[in-house]
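Read through the structure below, which is laid out as structure tokens, and then see the notes.
So that you can tell them apart, the chains are marked A, B, C and D in the order they are listed, and the count of residues begins at 1 in each.
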């Protein structure tokens, strides 16, 4: 009975598929997604990133070893030093100014997922925190791969969302995704069935809140 | 420039009114609320209470004085020793068994508000935590009073929701509400404008997430 | 490879014995302990209790189940509603007023053990927190039993510290101790060797800080 | 009534002086400090740094603004990317291998100060955390300056501890110290007398635990 990350996905197959193959994702792949929906998503994703930086900071605080602390620091650094700026530039290309981003209120779906991750991390240990983060850290890579596996996905200049797919299919992101899966596999291999049950609940709830994040984009909900 | 709890309400008058005078509340007062909506709300309110117990526990942990610690302990006690059981009995009257409550998944709106409160408490200090709790601790009392101020509110046996109103208009609840307002007033009197601005944001977000909790009831959303 | 609480003790036998059979404890059993040393210990133990209340509050916050939450609440309650008052009365008998207790600064050994417990709880999960608390929750019962097993221990009116021994040999305390050991055994039975290694370090460090707490009493250190 | 960092020092002048002008510091300046004492201090200072990295991570998690988050991230980065390696090299020069550092148990004085800082940060807000950190972040710069102000301090090759003084008198460290004082001054300017009283207690306790850290070096205590 040695668990793996795949067992988490298998514990909530419907939710996982609803997340990976969400209408938002499909429309993005088909180049039919409304510009406003994508812009709304992009804006909230910026606020999401700031909270994710807090989650990596929490991971650093909670780290039982220096190796874990260093890894968490690198995640925090990647967001604060690189991803936030990339995000600001990308938003700019979509007509969203940095000033607008700075004033933006968080949508409820953003509050929901990010605060769930942070409280789960504080309540449990570093593994709880990583499991709560994994639908994002692993899911976005799977989404890019799933889009590429569909014949209807449009790539290149005829899809305004091509750069988004490119980001998550990139070697950098795919390697980070694999590293996260491996980190999780090493730890899940050691957990008891009761503990796995607990972690499955965290994983399912986090996945449900990711689905809501896509819904928020489609519905322009605040 | 000495702030009071009322200033928090004045900082987001639209959100506060949308919460206090929500359709869910109106329909409950008018005895027109769908049974399913109320049952759905009741079930989630049970899960909400458990997270609120965690919030009072966090308040006890964070207390800077023994007096604050004792007050937080009483809040935790009230929930765990009394309110959860009352809630289970009340749910029973509405055809919801304790076994059903024990298996229930948290709706997203429940996750959203409760985890926002808990993360806000961990991120800031005891005052942040209380401000995040106040839309619930003070708002429910104001809702009962507002319902009683309306000519269209139906009281007595002809309103199946009469007991709900009775609970929040009760002396016990109204006194707890006043004690909370006083606790907040004493601390808000000392904060700087920049700090008040921060706390206003917490209050507004918490109020928005309470609105969503009513929406969840009306829409039966999970 | 199913671990038990005894395995934690076996992982640091020297430290555990130095704690249980500390000179402070021996002198207390032999009725030779200096009054000032006991008074100094008693005063700091009061401040220690307040921090322990915070630790049980943290345990309630971190609880993964309602049963754990209720158990932690009972621990918090026992301290705040009963033990603090008992402690104040007992201090009074030793010439220490409640006013003096309220103004007392925490000695470094008090800060050290209590804050180690609290940070360990925040850093890890509920099991980490319980392991850090166990030298106190289990150790005091073992100390009473060890004192009673020695032929040189003086009981009754000729030992001014008799009431102290009586408190920790009482059925109430011994049952609480057994309940704690059982709680730990159930969880330790499921941990991996790597996790047990981590928990052993926590247990040893907590035991070392308890030894320092006795030293503080003997040396009247602040 | 606008408070400044200096008011924290003035609230516990004896403790502050006992820390800045500690025998360990004097002997280090006079080149009379026992090699073993310095080595013991150096080893524990390495473990201290790792916990300080956790404290900056906690500061990042708790940050109310993106600017605070970035600042905390830089502090974390400075420790993990630079200071730990510098420390390892410096330890190497004093005959302490990296392997030895990796296996080292934390001394009680190390546990005491670092866990006090971390719990104070979790219990309160970002300002509490910074105040608890300030005896280290500001004090070491003041110590270097105080040593340089004494006629008996020996500088250059005839003092084996010259490099230590050089590190803390360096422009880099002195600027970081000034930045910290300024950050604190901006926030202390806004606090109420009751809040200042609370923060003074944190500052005094943190300073007492720094004194103990020097004592640990002198006494080789574990």
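Throughout what follows, contacts are C-beta pairs under 8 Å (C-beta built on N, C-alpha and C of every residue); 3 or more make two chains touch, one makes a residue touch a chain.
Here the structure is a predicted model, which is why all the values come from computation and not from measurement.
Peer 1: What's the farthest chain from chain A if centres are computed as the mean of the Cα atoms?
Peer 2: The most distant chain relative to chain A turns out to be C.
Peer 1: Compute the distance, rounded to whole Å, between the mean C-alpha positions of chain C and chain D.
Peer 2: About 30 Å separates the centre of chain C from that of chain D.
Peer 1: What is the distance, in whole Å, between the centres of chain B and chain C, each centre taken as the mean of its C-alpha atoms?
Peer 2: Computed from C-alpha means, the inter-chain centre distance equals 37 Å.
Peer 1: Where the centres are mean C-alpha positions, what is the separation of chain B from chain D, in Å?
Peer 2: The separation of the two C-alpha centroids amounts to 43 Å.
Peer 1: Quick check on chain D: which residues sit in contact with 2+ other chains?
Peer 2: Expected reply: 54, 61, 118, 122-123.
Peer 1: Which word fits how the chains touch one another: line, ring, star, complete or other?
Peer 2: Shape of the chain contacts: complete, all pairs touching.
Peer 1: Can you check the complex and tell me which residues of chain C touch chain D?
Peer 2: Against chain D, the touching part of chain C is residues 54, 105-106, 108-109, 111-112, 115-116, 118-120, 122-123, 205, 208-209, 212.
Peer 1: For a test of understanding, state which residues of chain B touch chain C in their complex under the given definition.
Peer 2: 50, 53-54, 57-61, 63, 66, 69-70, 72-73, 76-77, 80, 118
Peer 1: How about chain B: which of its residues touch chain D in the complex?
Peer 2: Within the complex, chain B contacts chain D at residues 61-62, 64, 122-125, 128, 190, 192, 194-195, 198.
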